[in-house]
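As written, the chains take the letters A, B, C and D, and residue 1 is the first residue of each chain.
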Amino acid sequence: MSHIKNNTEVARDKARVQNETLKVFLSEFFGTFLLCFIGLAINAQFILRHEKLNQWINVNFGWAFAIVFSVMATAKTSGAHLNPAITFMFYTYGNIGLVKMFVYFAAQTLGAFLGAAGVYGFYYEAINHFDGGIRAVVGSTATAGIFASYPAPYCSFFGAFLDQIVGTGLLALFVSAIIDPRNEVPSHLHALLFGGVLVMIGCSFGMNLGYPINPARDFGPRLFTLLTYGSDVFNSPSAYYWIAPTFAPLIGAAVGGWLYHAFIGFHLSDPIKKDYIPINVAA
Amino acid sequence: MSHIKNNTEVARDKARVQNETLKVFLSEFFGTFLLCFIGLAINAQFILRHEKLNQWINVNFGWAFAIVFSVMATAKTSGAHLNPAITFMFYTYGNIGLVKMFVYFAAQTLGAFLGAAGVYGFYYEAINHFDGGIRAVVGSTATAGIFASYPAPYCSFFGAFLDQIVGTGLLALFVSAIIDPRNEVPSHLHALLFGGVLVMIGCSFGMNLGYPINPARDFGPRLFTLLTYGSDVFNSPSAYYWIAPTFAPLIGAAVGGWLYHAFIGFHLSDPIKKDYIPINVAA
Amino acid sequence: MSHIKNNTEVARDKARVQNETLKVFLSEFFGTFLLCFIGLAINAQFILRHEKLNQWINVNFGWAFAIVFSVMATAKTSGAHLNPAITFMFYTYGNIGLVKMFVYFAAQTLGAFLGAAGVYGFYYEAINHFDGGIRAVVGSTATAGIFASYPAPYCSFFGAFLDQIVGTGLLALFVSAIIDPRNEVPSHLHALLFGGVLVMIGCSFGMNLGYPINPARDFGPRLFTLLTYGSDVFNSPSAYYWIAPTFAPLIGAAVGGWLYHAFIGFHLSDPIKKDYIPINVAA
Amino acid sequence: MSHIKNNTEVARDKARVQNETLKVFLSEFFGTFLLCFIGLAINAQFILRHEKLNQWINVNFGWAFAIVFSVMATAKTSGAHLNPAITFMFYTYGNIGLVKMFVYFAAQTLGAFLGAAGVYGFYYEAINHFDGGIRAVVGSTATAGIFASYPAPYCSFFGAFLDQIVGTGLLALFVSAIIDPRNEVPSHLHALLFGGVLVMIGCSFGMNLGYPINPARDFGPRLFTLLTYGSDVFNSPSAYYWIAPTFAPLIGAAVGGWLYHAFIGFHLSDPIKKDYIPINVAA
């Protein structure tokens, strides 16, 4: 409204990136970095304080708002996928091409890797205080669970794989419902609603693995902990468990998204074009 | 906006169901399946982790968001009742006919039955870990409460029956208030508000039976557990207790809905027709 | 939209109350009944399960949603005060007259009294299970705190009185801010925001008395417990403590409301009349 | 709408402050007073009841709503900074001048100081009950943590300083994203969303110092406790720790705000001017 541009507008005139691919990369990288930097810090507060400061409800709402605001910040520049499984779902929808999908994957994984590095640095003193400086993947001083998911003791590989299909499937299903324009959910509420979906999944399908449901969020930090915790992070409880949170979400997201369409989305009527009338009074 | 249709739009052109009854059946079946698949998994996380991972607040908010998103996904195809008591309330309002009511009942009960089967399969390893493979309806290793409701020890049959009338009555009362067009609550907020009503009922009238307040959500899963837990599921604490969550909600919903209209709804003025003006400044 | 009226519309044509005073009475009576019936049941779940089922966060969010939906249901018929302190604040604003204020007071107190009776009946079995059938106002089996407020042991009468001035003052202050048309908060969010104010007060000023901050909500149920718990309900810890939650809120609401106006409300500019433009892009 | 002005409108005609600086001062003073009066009372309920009444989730949501409503009340009179770090961020944006920045600083710090005094008076009986009347900054009866932040035992000065840069940086980053008009977040949701950001930060970066992330909120109350707790409040654990929550937020806010613009804000397209169309159906 002011006719004199403020400092951010002046800087924008100089620094604005017009290249679509670079803009998307910056956005997905930064968004996934933020999501993981904040989310893994939530896990740290849960584990390092023996589940007494952050309780499970803090984990649920904390991660939910981490999604809400990471998505809100990056929605207009890259569509705010921040999750390779969601990107893959859009690929099966024909909304993005194969090359672009890999640009998303790279940006997301790099962002998650650096998010883990950030939390490791930030909570370095606290982790040392907790484990006496000896990093452990299992046992009472284990802290690797801050960064990547490890299954509950009773959980078979098949159980872990199914867990990630179901959790990510529900995420993709409801994301598809919320953004389906025929459902007329106002776009300014989308990010907030995605947060609610996360709370719901955390309260229902979080017990086995801790609902990573995002390959970048699990694999990026696991790779980082390879450097700091050693190769046990790819061997707990066995050599192939890390496959579940890394690949099952891709299957889950495609299945979940298309299930929504098969049962609901295909059969929705097109709304009658109308001006914005918030109420209809039967008269 | 794109002139080239994406894959979901192409598939829709081929697979779209135009038959109204089938569309409603698919929507209510799928919606109630999702509600129960997610909701019973929430109960599983509450019971199988000794009320320490999921606490009561997680149960309240988890079920609330399960309602929110199941309703949001199915609102445009079937009105998202997902509960025979709500369907019956609309029947007493004259909004749907007798035959259609039974279509809703069948779809909802089938969805709830399969939702229970899904949770049983999904958490099969976790349940075995908890009860050593011996399914129990009562006692310290009981897990039948994941699926259907069992009254608190002090609770008489009359108390259980009243509990379900009151809980479902409040649900129906506030649903009727929220959707009454004369109250001018924007329709894009309805699903979210129903979730809030569920949190409220869970915090106030959830102590006796665990607020099933939905005959399909209780009877469908109870029927499923007949196959896996045996006939005790219809005999705990006595042979007729299951009647309370199965039939009392129908009475409650009709009473609650009409009470809203008797005290409030009938006496609302019709709003003056106006353009959308979000603020009125007294000047 | 249908040209055939449904059953609720047909009944409305016959039963509609046009008398303004009766409509207000019905609305405030029913709204305060609902608020107290639900809210006191929340307290019951907190006390009767030893603060382990409902924890404080359930009390905060439960009461918040009880406010949200009681207000939403009665906003268009009576303005949804549901609290004599808020009614008194509007009286000091000159928005309602003296006679009407007492109509509000009577409806609210009667509603709260019957809400307490309803909870007593509803949780009769649970209360007997808790106290062995011997009603107590103090001690480890005390349940009178379900219905009316009793101060923490360290709390002087002056402390209790101040507590109710401050708690109700903040409520009135923020209610006045939210409904001030110059703040342009959309009216469909008012009820939800009042709920948020309640969560906030419960987390900050709920420790001394349990934030009744509503004379009807405290005095009506206390009067009911006089019949069931005996005269100790007006004598714990001393004969005059009940005065604090009954009269201090009136002072608090007037002070809080006018403080908002003195520091903020008076100095707000009138908005420029404009069409609804949700975004302004500085260009 | 009424043509007869009510009492608040009549009083406004007489008492309205037109001087811009005084209006801003009143608004920021009153808003920061409310924020700290409510927020420090939340801390009191957390500490004085041994983290059992208020748990961490109550602290997170309580402070969040304290932000929401303090911001909502003062948004139109002063922009509702209520935090010198946010004011400094706007200074680096060129949105406010140097003199005005110090007006904000003074009003905020005075408000926070008096908010602390208010909580000290309000909870005087409860604090005496807790510590037997002997004020302590450290140890099992310490209550100084109600007012200002003290680092966790493992936390170095560098760790505390970094903590405040990161926490305030995230706040500033997401505030900048939410208010960026190119993100088209409706302004009536801004205050609510700021509350969500606070919940998120409390769940992720609250473990080291308790997320003060606001120099006025920390320094004002610390100054007040100098009068009541003695000089230990500036010496725990060492003489220079108080510098972290007082100065690091200024750096953090500037860095966080500009990081948002560097990665996202600069590269956003200007929206196409259009009428308010809430849905776009691909047809």
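To be clear about the criterion, contacts are C-beta pairs under 8 Å (C-beta built on N, C-alpha and C of every residue); 3 or more make two chains touch, one makes a residue touch a chain.
Computed from a predicted model, the values in this text were never measured in an experiment.
Chain A and chain B carry the same sequence, and matching their CA atoms takes a turn of 90 degrees, rounded to a multiple of 5. Taken over every residue number at the interface, the positions common to chain B and chain C amount to under half, indicating a different-residue contact. Rounded to a whole number, the gap between the C-alpha centres of chain C and chain D is 28 angstrom. Spacing of chain A relative to chain C, judged by their CA centroids, is 39 angstrom. Of all residues in chain C, those that touch two or more other chains are 55, 57, 182, 184, 186, 276, 280, 282. If you check the complex, the residues on chain A that touch chain D are 6-8, 11-12, 15-18, 23, 26-27, 29-30, 34, 38-39, 41-42, 44-45, 48-49, 53-55, 57-59, 61-62, 65-66, 68-69, 72-77, 122-123, 125-126, 128-129, 181-182, 184, 186-188, 192, 195, 270-271, 276.
Interface of chain B with chain C (complex): residues 55-57, 60, 92-95, 152-156, 159, 162-163, 166, 170, 173-174, 177-178, 182-186, 189, 193, 196-197, 199-200, 202-208, 258, 260-269, 276-283.
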